[in-house]
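Sharing a structure with you now.
Labels run A, B, C and D following the written order; every chain starts at residue 1.
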């Protein structure tokens, strides 16, 4: 099994006709994801050519798309200033899994999205995230399918390309993945490390978990506590940003050291104290995982 | 985005907060004129995007217009933490009976804006938090209901025993919250919020940081940007849509993705080198970005090697290769180039580079090791 | 509080809603001038706080300034449902391709503001609700999040197939919601919202009702009150802080508390009489209120008896008795008085009245029966 | 037993030093209510002389009052434009019963108060209500104690003085009350008829219930449905406003006929259809109740 998505996932794409939305819809369809509909206000009634003979119906609103196509997940590629509204629209329409790829969403928007989505019982992943992939089953977002392979490892990360680097090493070493989840690099996001760890812990196929953190906030420390208290499966960590200076935003809005808890040193120490080995280099993740399978 | 103290104070004034009178000067003569207009003592304060300007000598009390002129003369010539001082705020000096701290930040743990107050003002709030945490009160604002009057009064009552002052503080806090929201801020603080001997409250220093993601929908706020107060290389990077932070080392880094960029810097350090910068070209593979990245990094005289680390996902590595080739063709590099490319269109990328006489690697560790070796004294590489 | 169409339209314009151009005139000459300025056909519309002004002849199309003058002349002389017309709106006539309804009310069942839209505009929305309910869409706005963009677009899409019109309607709906909140309204509607042959949306009629409880904190809205457009007795009652509604009967009623006032009217009817009014003096026992109440009721020539029904709780019945005595002393009544008092300080009240030659009863049924008997033709009382 | 309050109720008074607040605090103390504290911003640390030797401590905020006096209920007498904030302050401080007497609260304020109070699990009675009284035990609000008597009748009403009229008749006829609850005459209020009916249904001492409704809204119709579906105890009704014209607000902001459901005729019919006898005159309530005990 995989977590959050699987081969049965029926996906809606919000912003399907945009530059990113159209490109990645084709990528997802090519990977085998069941894309059931798209939303672009003003283009309702048209269809989107997703390649491989797939013609996907477009709707003006998520509400209409839900009535017609019964999606179980949605992925959002709309521009940053419209992304919060898109997330709330998806939650209001009752879609249980909302994956927001969009980068650059104002953080004050997210303070409102968070309770809105929560009250409606939906799970939000992102924003500013690469989405997730269950290798060989389905992909929702932008993680390149070619670097992944099916297998027993669960992976959760705050970053995009660093995830690809690690996944690439794992796949080449024969360590395939049940699911890779990018939770995003923003200060306020919908799904935290602990949510993913809980999902991997209860997924029978997942045998070990890789956690890729970075500077800023204390999500890794929360994860460390969770692993120590509640997890039986082995977890291996990597933390980016050991050389980052304090007070500067390292690309991701959330990757900024303010206070001791935000430093890589503190996070590495917290993980190690919880019994989680932390790789010095991305490639070292492979050996650490292998030693624990 | 940082804005200057004088700009933050203008915003607070617009929201009704009592702010110590002051005006900005870009020359010593202007500063003298402002001081003469106010009459009494003034404080001349460097307007610069750096903390610790007081310790650096950027804040001076001046009792006469002549003193103000001399202070401005001196401060306008200063460079604080690498940033030149282009303007000073000349503010009427306030009589101070007591100092409080009030501020609002976006807090990631509670996922809310948090209002923080402390009767121990005038000093760094993180120091207060560390030493006397019971002298700080924090209130996470429920974004669904906003900052409620009774909540503001609870905080005002925590700050002041006097009912009138507590009410005045509550009013200021709600005005500060309105200013915070309206500006799309991620931080807004008044430190100190001064009580005068007459019992009036007055904002004597103010700081606001704007969420970059808010600027597109707030052109008036975006217009407050003072590019002259930023490092030129960071201005150039922003204009090219690159995320760039200059550091002290000599290994220039060009990476796609923030996490991978940090991991690359860490690996440079791991192998005994020192990264010269953080630079993320983002997900797009626009060759112009690559060209701008090379130009910006090359302009740092400390840089002795440029390391590319590109993991092609959305980014097409052939586009990056084309950007590198174009850049090198237009302006030959004064430093060696180490290129690591893997992922989408990797084979095409390698061909493009080789045709231009450049070589590419596919392994991150090997590339970092080579870059470090190129700058290390012989025998010192790990 | 009701406001006039032209006032509601000014508010909507301020919030960015496209409104058919128009100006208010208080004389026929002014109306002619406005029509001349616009050039083409205009609609001359009575500005009066009463529904059904169209049916009453208060709305007329005028093709020339002279016609506008004649129409205004006629309408400004009208009385609609007892209310004199003091002003007309002279609005440019719009070309109409289709008509929609958009409105916002406070809904007690959902405890929220509810936005309602229907493509069947131009007619009474309650009629649409009764006959073709599927042509109305209702959206209760969560006050914690406000009216969200996607919600507005859902409603816009329900109204118009054209994407541009749907978006324009969504914008208008959110502007209407902002106007509704900012004015402290309990109702705001545009009916019809017209689509012109060119595809533009235009508010051709508008109505807003303001929550009286909002007026104290919204002086600009409170200033919109047009006392000349209300019945003089209701203006006098409001100024005395009484709640008063004139009815058609002849038994004047003065009661403390709204529920008891309604029950008193019902009991008058039960015993065969007809109440002349609803009047609640409220919880306070200020004698001035009692005096004003007697004056207002006495000024209605239909009234043939005044019935007091006071249940003293917070209200002190002796205060009420003092008010009655003072009123009667200053201006002897032309109609008989029936007084029922019970509760707080009842004995003192009875003494005060008896000393002034007035008698009091303590039983509500008995008092109502006596009041009805005093106005009934002999032998017709129940 | 009584409902919502009893002799153990520890009452806070918000606006204790105001004109109404001070008067009624003395009345409540005289009746035997345990008033434990008062709130008036700026007068914290002073005490309020409630007569009969009672000196009640005053606090600047509800939060402080709660910490010091552990109230189980609060009654609000603050001016209308501050009342919503006072209700929310009480709910935020964790007080489970909030009785808002204030008349003239803007209805848009109440749209925000309603979910706020609900989320915190508090019960709001009012605003624009006379409060409640458990005769011989406690009174919270402004219902005159002198007209009430202990006994087996539960009474719930949307009005003030009309309630007094009916209670007066009941008491004189020997029909005392377990509790009389005034839920208020505003279009949006915290506690509905059905909430009170449910409480009376499960109160062992209450043997019959009197429901006093009026024109406007459909709360009486909801109550009728509830009685028909869920109640075993006899209920007697009275509806004020049979002679009220449509479209005019009859004093109470909520007493306005708009639509058929708001008329007295419709309400009387709904109650009767649910088997609830409806009195023609206030005094007729007595006989209808007596016949059902």
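Just so it is clear, a residue touches a chain if its C-beta (ideal position, glycine included) is under 8 Å from a C-beta of that chain, and two chains touch if they have at least 3 such contacts.
Source: prediction; values computed, not measured.
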Third chains touching both chain D and chain A: B, C
Farthest chain relative to chain A (centres taken as mean CA coordinates): C
Distance from the mean Cα position of chain C to that of chain B, given in whole angstrom: 56
Distance from chain B to chain A - Cα centre to Cα centre, in angstrom: 28
Multi-partner residues of chain C (each touching 2 or more other chains): 144-145
Multi-chain contact residues (two or more partners), chain A: 112
Topology of the chain contact graph, where touching chains are joined (line, ring, star, complete, other): other
Chain pairs in mutual contact under the definition given at the outset: A-B, A-C, B-C, B-D, C-D
Complex contacts: residues of chain D adjacent to chain B: 41-44, 60-64, 82, 85-86, 88-89, 92, 112, 116
Chain C residues touching chain B - in the complex, by the definition given at the top: 144-145
For the chain C and chain D complex, residues of the former touching the latter: 106, 108-109, 111-113, 126, 142-144, 181, 184, 186, 211-214, 216-217, 243, 245, 247, 255-263, 265-270, 275, 278, 280, 283, 311-315, 342-344, 364-365
Chain A to chain B touching residues, read off their complex: 23, 80-81, 103-108, 110-112, 114-115, 130, 142-144, 147, 157-165, 168, 185, 187-188, 212, 214-218, 238, 240-245, 247-255, 259, 264, 280-283
Touching residues on chain B, where the partner in the complex is chain D: 145, 148-151, 153-154, 157, 163-164, 166-167
